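Per-chain numbering from 1; labels A, B, C and D assigned in written order.
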Amino acid sequence: MVTDASSGTRAAAASAGTGRPARYSPNEMMAVVAARELRNGEIVFVGIGLPNLACNLARATHAPDLVLIYESGAIGAVPERLPVSIGDPSLVTGSLMVCGMADVFQYLLQNGRIEVGFLGAAQVDRWGNINTTVVGDYAHPTVRLPGSGGAAEIATHARRTIVVARLSRRAFPASVDFVTSPGQRYHGTARSKPALPGAGPVKVITDRGVLEPDATGELVLTAVYPDVTAAEIASDVGWPLRFRDPIETLDPPTDADLALLRERLDPDKLFLKG
Amino acid sequence: MSRHDDPVHQRPAHRRPDVPASGSKVMSMRDAITSFVHDGDTVVIEGFTHLICFAAGHEIIRQGRRGLVLCRLTPDLVYDQMIGAGCARKLVFSWAGNPGAGSLHAFRRAVEGPAGDSARGLEIEEYSHFGMVARLAAGAAGLPFWPMRDYAGTDLPAANPHIASVTCPYTGETLATVPALNPDVTIIHAQRADAEGNTQIWGLLGVQKEAAFASRHVIVVAEELVDERVIRADPNRTLVPGFIVGAVVHEPWGAHPSYAQGYYDRDNAFYVTWERISRDPAQLATYLDRYVMGVPDRAAYLAAMPDLADRLRAGNRTCAGVNYGY
Amino acid sequence: MSRHDDPVHQRPAHRRPDVPASGSKVMSMRDAITSFVHDGDTVVIEGFTHLICFAAGHEIIRQGRRGLVLCRLTPDLVYDQMIGAGCARKLVFSWAGNPGAGSLHAFRRAVEGPAGDSARGLEIEEYSHFGMVARLAAGAAGLPFWPMRDYAGTDLPAANPHIASVTCPYTGETLATVPALNPDVTIIHAQRADAEGNTQIWGLLGVQKEAAFASRHVIVVAEELVDERVIRADPNRTLVPGFIVGAVVHEPWGAHPSYAQGYYDRDNAFYVTWERISRDPAQLATYLDRYVMGVPDRAAYLAAMPDLADRLRAGNRTCAGVNYGY
Amino acid sequence: MVTDASSGTRAAAASAGTGRPARYSPNEMMAVVAARELRNGEIVFVGIGLPNLACNLARATHAPDLVLIYESGAIGAVPERLPVSIGDPSLVTGSLMVCGMADVFQYLLQNGRIEVGFLGAAQVDRWGNINTTVVGDYAHPTVRLPGSGGAAEIATHARRTIVVARLSRRAFPASVDFVTSPGQRYHGTARSKPALPGAGPVKVITDRGVLEPDATGELVLTAVYPDVTAAEIASDVGWPLRFRDPIETLDPPTDADLALLRERLDPDKLFLKG
């Protein structure tokens, strides 16, 4: 059952502002929720930043056999330090395989060998379409973002795609300014129509809750974090956000999660600031 | 037209890594063939002169597989033996000779002569080397076809209706195409692999990477089963990652009479002898009885040829390593 | 539309190996850039995070090249500097950020803002990574296009009319296509090369092989100039053969602030600093004056940063060699 | 000027049966003539057998910088023994580069990087078309030959192709039974029509003389070996063979050539028998 989230009394009832100083940051919670999405042994195409942190947290906890693949060509990477970029030398040393990018995109991604794709996004819209290209008009942008990189093909081919993005009205418009990576519906046409091989974005993990596409492909709120209300989330989303009933309240990070993130995985808070 | 017959069948929407029931991929050749090669399957045993897995071919013969669609650029002795043993229904290939020594006579008997000749019984589908490479590249890339500049001014397209064409959307040129080949199983022989199937080879690489990625299942047969740390010490040498591999068989000398660079030389004398053996169906049958059906496994085959190591063991031309530090 | 502008221009019918007048391909960076990079050229300096040849980019800036069509998957700091220095007319790319640190502000100034803004002056042609890889693969393969399953349900084809489509002659499916990219010159940085340009790299391989084979001319810049015997000792590590290479430049630390696996680490601190430098046109000008225009060559650049070796020299993670004997 | 070779008095005049035992075999002469076709520094795509022998003879004499490329992926090979096949391990050890076959056919051959292709042939016809597939009907062959291997694409893409074949009426029919590799003209259409990138077979080196295509693409006799008449060659060719005037008589192998071939390159007469 899906309900309008702005009226979300259930979700609101499930959380309560405590006034206590937070034991963990929104970014830490995002990383932990993202890590929980990964099952042991899965083949994951990893983006840099929070996705990388989440994958390495999963590897250090419940999913030691996760196979991390970076678009740079490192497969089965076991970085001994926090990789600053997806081309970091620490992803190469001790990895299972290093191959050219033609192999990565053709023999791994396009060939359907990747189970999970992990993407960041500047904007995500109602249908899970992702924009990392421009804010404003393409020809005369207000903000020129980096562009697709491998994101277009990851969201096309990975068996399922997980998106990580911080909530804000600017980041979650009804319609993105530019569709860099395919979501669930494009100009009214469902993803299954052009027969995109992967399932596309199946979870959008934010700093306050989790959105998932319903049967029509529309993102609905399915889970909130402790002390967050559905209404609060709905007010930062650019379309009338609905939620799945019952909405789940996710567990906070464990002490072990936090210790790993802070002491081992990102001690300099390169990706965990904020 | 069965799925195996149709070169244009689609790749599965997504590949599942093979997860063996036992929890370990390391198994005997017998178990690997039992698990992954079935009657009627489309089978690739690749390796261009180098690293041809005769041990797997022999086990397939021993297990009496029938109706196989055998694909390889060069059928070589391994497929001549399998054809002679009756395993094959169809051959997909690009050069069917005995390299440096003559013909593949079991193959020739199966395709030569007038229609209705009882010895004829092998369907063929023929390309050039580039065509076979391109078919496997398309299969590995998850594409339904591969474009190439080839076959104009030749009779190959007339002999093989699967060779088609496409028009370049930019230049308007016509390019030849071949359809993707997605085998049921590919068997590759390697110098070394770990227990998960992370596999390294050096020397001639042939089309093994493409064949493995194009395939539903992959069996890796290795001269040495090594610790994962050996693989991780030199990741640029890895041909295929373990997650696309279903079975790992440790089988030293498993490529004989083919060769493994750094391990043993090609048994050129046997390739010459095959010309005589394969020419005579009775001699061929005797050979199979003695060296294939008459032995339970590769170890027994090797025990029957105690001079191999003396004759063929590789000399030492070890290169220096490189630094992966940062 | 000039030849450089048109992504669909045909490969030359046949490539001639570059034969330098002097008889030797080994030359200074100055001579290599003078010989092979001309105003208006389509230029590729490849290397995915790893082995980006900043030394070549700086020499191009010093020589005042103008009107270049710069192509790279990730423009990175090297193209941001060249854009800031006024070398580029057009950028062909797939991800324009400062990896791990922020934006490329010279690039952003050149493409952001309303039409008619005087700071805007860079034409762009944009793909995804796979699209750029495919363009170079087509160029390297001598094909006019490359097919791929991509771009359905995205705005990229609307933003880039060079993304087209083709129909599979077997399945009837529509596939996206990109046109071949055949640069005038590709510059690749390598751990080692011999005097003929036989070149070996390890660690991340990016799309260097495709870029080099797609190109009319190739400049190899190497950390170490080695005897041919070093190359021949481990031929599987060779990325490109010398006969497609026109110039070999021996330039240790030539990739800084990018890195060379086994030689030196990435200068992550400089990438972070670039965020501040590139944000301010005055600071950018000061940087170029001091570290590019203000030095005659790479040796002087390095002399200005005497702490690099201490900060960044690679640790030792040397792998074992393999046996190429038979 | 091209004349009917069966009336070839000029060529006949240029040779004379001596009755002396031959100082060299026809295969040795073929190998030497083929070697002379190669210029120092060229990039040659080498087939096994006589082509390989000729290339290694050229490398040992006037063309030390010849780059030998084998379809197996060995580039710049320097075999320390006579390679029995194009996949011989001696082609790998000490070579400049070893790559996969997808690279060989795409990045080297199709990309126009090969200057000379060297092919053997079971049959060569009037237009230089090459058959290595079948004798007789394709569906019901009298003799099933190995097939193309890489020959179809070599004859398509190499800048020029040199063919080596022993003369006989069976080997030089007016029309081959099957066109495996493209010659100069196919069913009446010139090679330039489908725009084949390479020049195709520009020399056919036999055991008694050399044929080359004229302007129309028809093979004509351009050179004979010592003690061979044009008429004798014409009688072993399945079409009315014409010859170019003046016909050349080629020099016999030098003693140095013969010593190299017999003592170093093929001491066991693996490819030089006959």
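In the analysis below, contacts are C-beta pairs under 8 Å (C-beta built on N, C-alpha and C of every residue); 3 or more make two chains touch, one makes a residue touch a chain.
Quantities reported herein were computed from a predicted structural model and do not represent experimental measurements.
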Please state, in steps, how far chain D lies from chain A along the shortest route of touching chains.
2
Determine, using the mean of C-alpha atoms as each chain's centre, which chain is farthest from chain A.
D
Pair joined by the larger number of C-beta contacts - B-D, C-D:
B-D
Quick check: how many Å separate the C-alpha centres of chain B and chain D?
30
How many angstrom lie between the centres of chain B and chain C, each centre taken as the mean Cα position?
37
Distance from the CA centroid of chain A to that of chain B, rounded to the nearest Å?
41
Could you say which residues in chain B touch two or more other chains, in rising order?
142-143, 148-149, 173, 202-203, 205, 209-210, 233, 236, 259, 261, 265-266, 314, 317, 324-326
Counting only residues that touch at least two other chains, what does the list for chain D look like?
74, 89, 92-94, 98-99, 110, 157, 197
Touch graph of the chains shown: is it line, ring, star, complete or other?
other
If you go through all the chains, which pairs of them touch?
A-B, A-C, B-C, B-D, C-D
In their complex, what parts of chain B are in touch with chain A?
11-15, 17, 19, 140-143, 198, 209-210, 213, 228, 231-233, 235-236, 238, 240-244, 324-326
Hey, which residues of chain A end up touching chain C in the complex?
48, 71-74, 84-89, 92-94, 98-102, 105, 109-110, 129, 133, 138-153, 156-157, 178-183, 186, 189, 191, 194-197, 270
If you look only at chain D, which of its residues touch chain C in the complex?
41, 43, 67, 74-76, 78, 89-90, 92-99, 103, 106-107, 110-113, 115, 157, 159, 197-198
So in the complex, which bits of chain B are touching chain C?
8, 10, 142-145, 147-149, 164-171, 173, 175, 177, 179, 191, 202-203, 205, 230, 233-234, 236-237, 259, 261-266, 314-326
The answer for chain C against chain A in the complex is residues 48-50, 73-74, 93-97, 99-101, 103, 107-108, 111-115, 126-130, 133-134, 137, 148-156, 159, 173, 202-210, 259, 261, 265-266, 268, 271, 314, 317
